[in-house]
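Chain lettering (A, B, C and D) follows the sequence in which the chains are written, and residue indices restart at 1 in each chain.
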Amino acid sequence: MTPAVSLAGVEVRLGGATVLDGVDLAVGHGEVVCLLGPSGSGKTTLLSAVAGFVGVETGTIDVAGVRVSGGGRYVPPERRNVGFVFQSYALWPHLGALDTVAFPLEAAGTPRAEARRRAATILERLGIGDLGDRRPAELSGGQQQRVGLARALASEPDVFLLDEPTAHLDPAARAAAEELVAAHRAASGAAALVATHDAAEALGLADRVALLRDGRIVQVGSPTDVYDRPVDAWAAALTGPVSVLTVDMRDGAIVLGDAVLPVRGAGDGRSRVALRPEWAALGGPARGRVVSLRFRGPHTDVVLDTPAGRVLLRVREAAIPAPGDVVGWRPERVWPLGTAGPLPE
Amino acid sequence: TAEEDALVVYTSVTQATVDAVVAEFDAAGVQVEVFRAPTGEVNARIAAERREGGLRADVLWLTDPLSMQAYDSEGLLRPVEPDVSTVPEAFRADRFWGTRILNLVIVAGESAPPITTWDDLVDAAAAGGVAIPDPAFAGSAFAALGFFALDDRYGMEFLRRLRDAGGTQVGTPGDVVTGVAEGAYAAGITLDFSARTAVEKGSPLRLIWPEPGAIALYSPIAVTGDHPAAVEFVSHVVGPEAQAAIAATGWQPVDPSIPWTAGGPQVTVAWDRASDRQEELLAAYRDVFGG
Amino acid sequence: MVLVAAAVGLVVVPLVELLAETAEAGAALDAGTGGAVGGSLLVSTAATLVAVVVGTAGALITERGPRPAVLRVAFVVPLVVPPFVSAVAAARAFGSGGLTDDLVGIAVPGLVGPVGIVLVMAVHAAPLVYLLVAASLATRARPEFEAAGLASGASPRRVLGRITLPLLGPAVVGGGALAFAVSMNSFGIPAVLGIPAGFPTITTRIYGDLARSASDEAFGRVLLLSVALVGIVLVAVVAAERMGRRATAVVPGAAAREPLPRTPPGRRGRGFLWVYLGVTTGVPLLALLATALTRAVGLAPWPGNWTLANFSEAWSGPAWPAATRSLALAALAASVLSVFGLAAAVGARRSRWSGPVTAATFAVPGSALAVAVLLAYGPWLRDTLLLVLIAYLAKFWALAHRSIDGSAASLEQEAVRAARAAGAGRWRTLRRIVLPSLLPAAAAGWLLVFLFGIHELTMSSLLYGPGTETLAVHTLNVQQLGDVTVTSALAVLLTVPGLVAAVVVARRHRRAS
Amino acid sequence: MTPAVSLAGVEVRLGGATVLDGVDLAVGHGEVVCLLGPSGSGKTTLLSAVAGFVGVETGTIDVAGVRVSGGGRYVPPERRNVGFVFQSYALWPHLGALDTVAFPLEAAGTPRAEARRRAATILERLGIGDLGDRRPAELSGGQQQRVGLARALASEPDVFLLDEPTAHLDPAARAAAEELVAAHRAASGAAALVATHDAAEALGLADRVALLRDGRIVQVGSPTDVYDRPVDAWAAALTGPVSVLTVDMRDGAIVLGDAVLPVRGAGDGRSRVALRPEWAALGGPARGRVVSLRFRGPHTDVVLDTPAGRVLLRVREAAIPAPGDVVGWRPERVWPLGTAGPLPE
């Protein structure tokens, strides 16, 4: 079966700079792929290229098996059947929410009354059913974002292109939005390509995650893949909280000062390793001094200064030390970082 | 088609006059198609048509002899022989003939000093200004320049004296009447028609027929196409019915036998000389009044 | 595609004719014409500067204040008064021996002459700048940009200079270009205020050459002067385009939802504006009305001398069918050109040539343009209303194009993208998304074309044929009789459709914004 | 000492609706107060009222002890010395990043060269030092947001008003931004009022958190206050993941089926209680069926169906059950919900 979207060797230049550089990516039918990358890495540009808002320099883009960009072809956005949620909403200033959401339906030939009825249902489900008459200028940021999302849902696309669709949504609204997209995908088999900078969101939402860095894809894999086995320190930091330590390992054990601790994932020799906060715990033979604490609700982030480097731990409320305390800790698992990419600032 | 059969007349003569004259001619059974516009537009249209493949007008009926003179020297006018016996010698040329007469006269406001001659304008100018229509704007106004400049009794010197005393140039003869009526000028040079209309409506003005005479110019008509009725139309315009119609619309008919309350003596302009020296005269005039 | 065809048909063909004939006529500029070119350049440049300041200030004061609709209409009114009427009124009101001179002994020095020409021209050109800037204010200078400036600690004046005005740049520059072209083309004002002072301009020179003499040489000079006009205006427009392009910046993303600052708009500014409008528009209009109501010119405008006879005389003969034709023509031209302007705005690429191209024919004096159109299309369309329509479209394209272009420059690219992504084709996107956001600008453009259309005299009086007489033919008939009371009555009548259109547009504008 | 900002009985109406309704709030010098509220609750409006972009209907606002709104007074924004970060950035389309950030400095009288130098430093610290020439249209969303933040920092205000300042920032950029604001506040004693819908951010950043609901403040307190002791179910859900259960309690123990489990916080009688995910663990006498799993990186969210209601637990990678499994669990702590406010949808 042909993938819903596939990019091959896509290069995009904007204002003289290469913003996407040889991107290969395929999204299967019904699949959710999250584009995870820091600000400025090219997420929006990639989605724009798929939608047809920007042309490609080299490479090709196929949607549902049809060449839409590249190789001398260019299919305009309105014939790609995509549903786009814009990072900046791109709502029409003169149209009320209901008219906005009804717009794609009408464009597809649905009679006006029916289009508005269906638009009302979508707005209702997103919790803004009573704001149908409001123009964007009369809506809050999150309400605008939901109208933008509703518009994309209404167009019943084959592919959702969602650019940070929940950045301005509170958890409840976000859950409602995610649910609605999921329901639509379940019903129609639509694929989704979601840009986000929020690792937790990407890992929770995606079937696969693609890590984007300066316009190149550095890793693609399942959420656990990219979280547990990042290709380098940069990828490790992007996908979640992590400490990168330089340690000596010996026969599956790590040497930390006097202590030799058997640890899952450890190899041999001196190496940089990634340590997720949940891969270690307070209490143990290794020593560290508490540098800072940050209350996060369900847990508190504790940063320790250790001979191997700074270590981030997550501690539940029961036993929180104070800054300056010297405490014991132990790693339970590490991931050796083969290639030594730079850490993101 | 019927349109092609129509006799095409290009004219800058006032609408009411044209309408009256054509109405009389319609009786003869030939369809007449009139294009009426101010002189400038008529000239532009003629220029365009000559470049586009030929003038469509069969008859040209203009306000003053100046443009006609130019068309004649460019060979546009046909050497035809209509019945123009009613047209006095002073108001005709070989290939075009006068149809009505325009008189440049003096219009004076209530405050103006007594005026009887053209020379008195200098005193009037000193008393409260005199308005002169711009000769570059209309052939009728050019007639005044032509007359004064070429007449030994006046010459350019007269215009210079007028300016020094307080003469001012304005746009058209109509503007002169307006300016004088509103008191901006004590007196001015204008057409008898404009002055008479204003006086009849009740404007505080006097129409003065100066010594040695009003400067008379004529609206010429000529044949420029080969429509069989063209010559007949010219004859008609200078004939008794049309001349009466012209008089009825307020203009002096060229035929002296048609009843018309003449205002007094007339002087004429040597049009051929004035036309030849047009640019030179205007340049000299600009030296005096600017523009 | 259609636009390119239109550009060829409406601009290139007539211009080529004009140039070919000019080359053939082979006239040369003499000293006199040189002086006329200099005179035109001088007054037009000065008038443009004044108009840009007045129009921009007026737009800022009007649009940011309460109840803008009234002021909006008032500001457009100078466009419904024929220029020569304003010139005459200005001379009578503020000249030496005029109203203020009689009452308080104050006369504007040099009113008859370049100073007066500049002032009256500026009054007539300011609404062009005003309309463009006002339309652009709605789309470009969004309130939150000013809020951000104020929150940065900048004074309102600094925010105006550094934020608001630069954002309005394209509209100001575009309005300035139009103002310049209109001033260069103005005939009525220098005819009234220039001739008595012996001040020459290109347009009065052209008029004289055409009206007095029919020689080939004079006609050649007319063509040459016309080409000179086109050249000068094109240089100005291209320069303006470059400035405007530099100032153009896409307004990015995020639909604004930062509430409006509650800073009360300057009451003093509004006061000034009313005084300005009273002096520049109220006085001429009153003078016009007084003259039209008076039995004969020169009588005091007391009730004893009042009459309605002038009105019936002005509206005699075939005035009604002519007026119907003119209104229809003007409305049609305005609509077609608004569509052209909108089409250019949504075109895939906003092109560099559209500004200068449309300006080129706007710069050609009416008589020369009519000749060119007649040369180009006469063989097929002679004496039809279509020929007049073509001339209107060619002449007034710039008005619609500029009005819409100024706002389109800021049309959010993303708004269009969103529509396309929602499955809407070009046409639906144009109709549902682009058109409504550009509506204020399109309405302004429509109004401009309409007003210029109903007041256009030269072209339609030169191109008409049997059964296609327009109001212009009638107007010129009346004018030729030279009776200012009747002419004034007609001018009063002619302001009515313009005023109605202005009120309608101002109301629509309010609803759209 | 007078507070940096204080609002008393503030009511704001927009488009005919009451958007803020009797808001009382004070921000002390150097204090960070987070406004936490769902989309549409009035956060932006509250900040706008403090900045002077909207007027107040009734009530008063004082900044640094000076009455700026209400009681017939209105001080314009430029004289309130606030630094505003707009939710929609509100960057000036015609100015490059450097000019934008230098603008407030120049407005305050700093010479141009010096202003640009300092602006460059701020951009540098936010990781966009090389984008000084770019206009907003040439920047990505997150880059624009950082320029907006830099502009507010440059104005060296007494009060920061930050409207979702990090919604479009990746964690690294967000950390840099938070650090910079903190540094500035430490140096100048400036206060900050931060609007956000992200509970984790609010709890980690704020000295105090104010919960906003439909234009009213429902709770103000320290992060642990609002997290551990929410006033009602709505507040509990707003401040973090929570399960609300209806349970019978007896003498400090909870009755769950056959099991009677002593639990911290439990009282007497039948009641609704809040249960944070970290207040319970897998393994224990209570029974539940796994409904759904969501991988979140450091942990996996597990939802159990239990007789008392749905229970959300956070599980570390070691022992993740599968959907449908019946598992044991135990609550360790609960918070009885006195007033029974509605749950947010």
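Assume contacts are C-beta pairs under 8 Å (C-beta built on N, C-alpha and C of every residue); 3 or more make two chains touch, one makes a residue touch a chain.
The shown structure was predicted, so the numbers you read here are calculated from the model rather than taken from an experiment.
Engineer: Does B-C or C-D have the larger number of C-beta pairs in contact?
Structural biologist: B-C
Engineer: Please flag the chain sitting at the greatest distance from subunit A, going by CA centroids.
Structural biologist: In terms of C-alpha centroids, the chain at the greatest distance from subunit A is B.
Engineer: Just how far, in Å, is the C-alpha centre of subunit C from the one of subunit B?
Structural biologist: For subunit B versus subunit C, the centre distance works out to 35 Å.
Engineer: Centre to centre, by mean C-alpha position, how many angstrom separate subunit A and subunit C?
Structural biologist: Chain centres of subunit A and subunit C, defined by C-alpha means, are spaced 54 Å apart.
Engineer: Between subunit B and subunit D, tell me the centre distance in angstrom, where each centre is the average of that chain's C-alpha atoms.
Structural biologist: Distance between chain centres: 88 Å.
Engineer: List, in ascending order, every residue of subunit A touching at least 2 other chains.
Structural biologist: In subunit A, 87-88, 138-141 touch at least two other chains.
Engineer: Among the residues of subunit C, pick out those that touch two or more other chains and give their numbers.
Structural biologist: 252-257, in rising order.
Engineer: Name the touching chain pairs, please: which are they?
Structural biologist: A-C, A-D, B-C, C-D
Engineer: Residue numbers of subunit D touching subunit C in their complex, please.
Structural biologist: Against subunit C, the touching part of subunit D is residues 14, 44-45, 48, 51-55, 74, 76-78, 80-84, 86-94, 103-104, 107-108, 135-137, 139, 141, 144, 151-152, 154-155.
Engineer: What does subunit A use to touch subunit D in their complex?
Structural biologist: 14-15, 37-40, 43-44, 87-88, 127-128, 138-143, 145-146, 163-164, 167-173, 176, 197-200, 203-204, 223-224, 227-228, 237-241, 276-278, 294-299, 301, 314, 316-317, 344-345
Engineer: Write out the stretch or stretches of subunit C touching subunit B in their complex.
Structural biologist: 21, 32, 92, 97, 191-192, 194-200, 204, 207-208, 210-216, 219, 222, 295-299, 305, 317, 367-368, 370-371, 374-375, 378-379, 458, 461-462, 464-466, 473, 476-477, 479-485
Engineer: Where on subunit C does subunit A make contact in their complex?
Structural biologist: 252-257, 412, 414-415, 417-425, 428-429, 432-433, 436-437, 439, 512
Engineer: Flag every residue of subunit B that touches subunit C in the complex, lowest number first.
Structural biologist: 3, 14-15, 33-41, 43-49, 51-53, 66-68, 70-71, 74, 109, 134-139, 142, 168-175, 177-178, 180-184, 191, 194, 197-198, 201-205, 278, 283, 286, 289-291
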